[in-house]
Amino acid sequence: ASEPERPLLLATTTSTDNTGLLDYLVPRFTRATGIKLKWVATGTGKALKLGERCDADVLMVHAPGAEKKFVAAGFGINRRQIMYNDFVLVGPVDDPAAIKGQTICGALAAISRQASIFVSRGDNSGTNKKELALWRECVPDMQPGRDWYLETGQGMLSTMSIAGERGGYTLTDRGTYIKYEANNNGEPPLVIMVEGGPSLLNQYSVIEVHPSRCDNVLNDAARSFGDWLISPAGQEAIGAFRLLGKQLFIPNGAGK
Amino acid sequence: MDFLISGFLEAIRLLSVGDAETFAAIFATIRVAGLSMSVSLLIGIPLGYLLGYLDFPGKRSLRMVVDTLLSLPTVFIGLMVYALLSNRGPLGEMGLLFTLTGIAIGQAILALPIIIALTASAVESLDASLRLTLMTLGASPGRIFLTSIREARHGLLTAAVTATGRVLTEVGISMMVGGNIKWHTRTITTAIALETNKGQFATGIALGLVLLALAFGVNLSLSLLRRRG
Amino acid sequence: MKEILRLKQVRHSYNGRTVLTMPELRIMSGTITGLAGPNGSGKSTLLKIMALTERCSSGTVYFNGSAVAPFDKQVRHRLTLLPQAPYLLKRTVSDNISYGLKIRNRTEDITAAVHGALELVGLDASFSNRLWFELSGGEARRVALAARLALKPACLLLDEPTAGVDMESARSIRRAVLLARRDWGTTLVIASHHQFWLNDICEELIYLYNGRRLRGSFENILLGPWERTGEGLVRAQLADGQYVYAAPPQGRENAAVIDTGGFAPARPQKEPAARTIRELRGTVTGIFQDRLQDAPRIHVICGDHLFVVAASDQFLRDRELRPGQQVTLAYDPAAVSWLPA
Amino acid sequence: MKEILRLKQVRHSYNGRTVLTMPELRIMSGTITGLAGPNGSGKSTLLKIMALTERCSSGTVYFNGSAVAPFDKQVRHRLTLLPQAPYLLKRTVSDNISYGLKIRNRTEDITAAVHGALELVGLDASFSNRLWFELSGGEARRVALAARLALKPACLLLDEPTAGVDMESARSIRRAVLLARRDWGTTLVIASHHQFWLNDICEELIYLYNGRRLRGSFENILLGPWERTGEGLVRAQLADGQYVYAAPPQGRENAAVIDTGGFAPARPQKEPAARTIRELRGTVTGIFQDRLQDAPRIHVICGDHLFVVAASDQFLRDRELRPGQQVTLAYDPAAVSWLPA
Amino acid sequence: MDFLISGFLEAIRLLSVGDAETFAAIFATIRVAGLSMSVSLLIGIPLGYLLGYLDFPGKRSLRMVVDTLLSLPTVFIGLMVYALLSNRGPLGEMGLLFTLTGIAIGQAILALPIIIALTASAVESLDASLRLTLMTLGASPGRIFLTSIREARHGLLTAAVTATGRVLTEVGISMMVGGNIKWHTRTITTAIALETNKGQFATGIALGLVLLALAFGVNLSLSLLRRRG
């Protein structure tokens, strides 16, 4: 491959940036391949939009449905799964809807039945999409009431603090929750209510922006980034990443 | 450029169809900006007048402090007001977090330095003989204030318009203190930020145009006021 | 007669430069006092201090016997000043004139008061709807004066009320001032460079020079440059080459004054003049009645300097005197006095 | 003598109100023209139009024969106006005076030019470092004038150069004006309410009234109100109860004028006056030489109205005349003329 | 309130230790604000002068348009500049997306209405006789512009300070056009937004204080300028 004249540009979701994963991975990638990389961390929706408009070379996102559409529309190629973590349902310590330990569907049903406050990100992010899918699956006839179903349109941490202040439940990825816990000095107003189970998996993938649509993109380097992520070295690095001593992402690259 | 055009069409649609979410955001914006501007004008004009009118030691330094406060980042103000109003904060009892009133407090803090600095500047640019003339006509200090303000009305209007622009377009405070909660504390700017983050650029543009239309309405009314005065 | 205004040990300085020194000044109620003196002599400063719009650097101002300070409630509505450069509010003429009335809550029949005040300064009632910028220089000045007259103040201080005002209106203003004194008992202090107009109206004249009050006449000031002569005198040259002589000053004074009464018609040449007496030749430009002194004055131009000469008996006996005529004036250089530097 | 300025069919209005109508006006190079007239008569407007700082509503201004407009490069550096209310830049006096020089790139020896200009208006060189607000009213005016004199312009228009200026300085200004004309060939047009000062300096006098030029004398304007008498005349009352009579106006004119030459000493009572002749009694306040006409004038106060009377042969024969004396003036009401409304 | 105090301590630490990331953001902020302010002053002062000085039909409407543009939301400007600079946009070739120059373009658009409106207001409040006086002294229209600007210097300084405050504190444009790329286009405000998003409120406060310190420095220099003038 010819030496790229500019750094590779990655558009990614805030969670990979906020947790520090990229700060950890990117130097290793550069060391391994000699490719320099810059990233823009935004919501999944905007990251996909940047890819669609040829303003990024490669994407790292976690919204499988939207990703498939993106690829199907011809905006991207070579979508590859790289890792996952999981979602947890968190809520106030006093658990007003008494959902602790229930299945995810039971918990959501209880919340909607009792109109306990539920705080949604409402921002089309991967987490938001997951949450909406869960509601559709578990409570198909759910009518989001204006008083108990709050949409914040903000990032995960802000959404959690709003839930904390309001005494509501919310769905979050585990990584962000660990940060939240740490930010609150180990005494968080919200604690984990529901966790585990296949329906709470949070899958991250890498997608290359379609080189024939966008002649300016650095597809070779983008390909190398994806290759490295699913290579044993990359996968091992992901598995070794720790936030506050806890593992956040489970590598499952080269899966498909 | 595609999304600019579709944004424009979308703006017309949102306003003509009377889109409920949009109008909720418009009303929230008007209420919160109205509140914050009233408070900051009420406090800022007298303070700005004193800063421009009086001569006292340390005036120059005070002026510089005000000028520096023009650079208060909104997120910073948002954080401070959040710290005050949060359940764990000193004013948590009042339950103002995630309310329009809470946002207005932050916005008033944002607008205040603008009003003070521009009022002081407008008062300073008044003719030096105005004060002498009013004193000779028997005006009390309070009356001199009122009349000077009226003589400086064009400058003050500019101050108000500038501060209104600042308040209408700020995002940080509304996000942080208001929480951007749909139907409750979502203002036009937080909605724009959300839509943009979602990648809905056209809707973001549309909402931006809605905000500009709102600002135009405000300025139209102020301009009629200016014509009268 | 009561004393309405009194200044005691008043000094005023701007940035350390003292521009007014007034150990004592009393204005009696119901009098008209004139304030004269060259540019920068402190007239406006004195008026501003008397009007309590400026705090003097040191000293005390008394109004009706009690010490007062700016914004004193007692005085605020009883004393008013027409500043040298008055400001018109950015409103109509009528709003400008009624401003002070509204402050005083005298809101009955504002229109009549406005029209009355305009008439006093010789302006038509139609002016009341003009905007502040729709006025000529003299009209604006007269509007500002009308705004003061409308207040019917107990004490009215005027700083050059007739500057830029036409002759007819200057007479209207004179009438208005006299009427204010007669009908409202107003006390007036008026600074002006219109010597005639001022002498005609005031009962006492205060002459300021370098911030100090001078006693005596002051019409004939000579500024130098002075040079020493062999005879132990100093002399200054006039535009036509003549010299004016004076006994040398004590200190570093630069301005000398010859009293209006210090001139006499020169003796016929056969009679030798006393050694000390000097003469000046000039042209009579006018003969006037000085209203303040109630005595005739003769204006004589020597070079381009104007001398004002008290028409003494000797002068008046010389009935030939008429404008355009040449005269020779005699004076004693020792009688020339020096003004404080 | 060349014509330097010419106005042709000039009219000017503010918001539709016409304030100046000047079908023709010529100013010859090197002359000094006076501009007189009551407040609001259009003097400042005329000067601003001649100075090309205001565009007249209609008509043409010619400078040295060619039609010119504001900002005309030809004129900009050759003609300057001292406005009635000049503005001082927020800098030092020296900066204010040298501003125009710097614009013209005349930057050699600015200090000398500034000091020279200050001296012309009678101000000390020490003033050059003062800031704009550290000046008295008259000092500020003189600084503004100095800024114009420093330019040594070909054409200098002055709008009330002596308003608020002391007598001594007014004489300095007179000297400066005459010097400018002599040394630089400057053409001058000067508006002033100082009748004496103006007559003394100018060679031609333009009298404005309601925006129009009047010919003839204009010192004795009578403003009414007028009432009809039984004899087919109109009359206006003076302050002492006497009446002034005039033949009725043709239209709605309100202001009448009696020519200074229209008065004669009244005949002794035994001789019956012609039926039409009327008389006025008054007090002589002054007798002086009118420099412009080079003829004596008598000031007579009747009531509080001042009449200026040309000292005709008959009057001069009456050698008894002196200030303070009573006189009776005779005039013909038919000779009273009316001013355009 | 705890995070306010720790934020303050953190600010001191960041500045004294010379934290590399913080200083990168400070330099980015200075460069981009310097660029945008230079451009907007250069364009805005003449335009504002003309708006305040000239009398022409439609002036009032133009004034109102400028006033309305004071309410341009930053995200909106960000979107528009993004549309221009994006690889899909008309100026994509120039490669200005995600660069400081790109941000500066957007910020100049943000500052321009402020400069124009406040300059016009300052020029309007100049004494009416200034223009007449300058004309009589032989000034050309260009010279009248320069001298008027100098006479209105206090008002213009206030305009510049206000616009600088706006530019220094904006987030929307920097985020959208700059991308908040660490070491490259991360400015102090986008860093604050990021830290706040991460829940690192103390760091957010610290960076806010850093920004205020920067603004104070700018105003201190301007104030020395003001003293001299």
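A, B, C, D and E label the chains in the order they appear, each numbered from 1.
Criterion: a contact is a pair of C-beta atoms (placed from the backbone, for glycine too) under 8 Å apart; a residue touches a chain by one contact, two chains touch by 3 or more.
Because the structure is a prediction, the values reported are computed rather than measured.
Considering the contact criterion stated above, the chains in touch with chain B and with chain D alike are C, E. Path length between chain C and chain D in the touching-chain graph (shortest route): 1.
Using the mean of the Cα atoms as each chain's centre, the chain most removed from chain C is A.
Taking the CA centroid of chain D as reference, the farthest chain centroid is that of A.
Computed centre separation for the pair chain A/chain D is 88 angstrom, with centres defined by C-alpha atoms.
Work out the mean CA point of chain B and of chain C, and you get 54 Å between them.
Our note on geometry: chain A versus chain E, Cα centroid distance of 35 Å, whole angstroms. Chain centres here are Cα means. That of chain B falls 17 Å from that of chain E. For chain C, residues touching at least two other chains, in rising order: 85.
The multi-chain contact residues of chain E, meaning those touching 2 or more other chains, are 127, 201. For chain A, the set of residues that touch two or more other chains comprises 158.
Touching pairs of chains, sorted by label, consist of A-B, A-E, B-C, B-E, C-D, D-E.
Chain contact summary for the complex, chain E toward chain B: residues 1, 3-4, 60, 63-64, 67-76, 78-80, 82-84, 89-90, 113-114, 117-118, 121-122, 124-127, 152, 154-155, 158, 161-162, 164-166, 168-169, 171-172, 176, 188-189, 192-193, 196, 201, 204-205, 208-209, 211-212, 214-216, 218-220, 222-223, 227. Touching chain C in their complex are the following residues of chain D: 14-15, 37-40, 44, 84-85, 134-139, 142, 159-160, 163-169, 171, 174-175, 193, 195, 221, 223, 239, 283-289, 291, 296, 299, 304-306, 316, 319, 322-324. By the touch rule above, chain D contacts chain E in their complex via residues 48, 51-53, 70-71, 76-77, 80-83, 85-87, 89-90, 99-100, 103-104, 144, 147-148, 151. Only residues 127, 129-130, 132-133, 135-141, 143, 147, 151 of chain E touch chain D when the two sit together in their complex.
Chain B makes touch with chain A in their complex at residues 86-87, 97-98, 175-176, 179-184, 186, 190-191, 193-194, 196-201.
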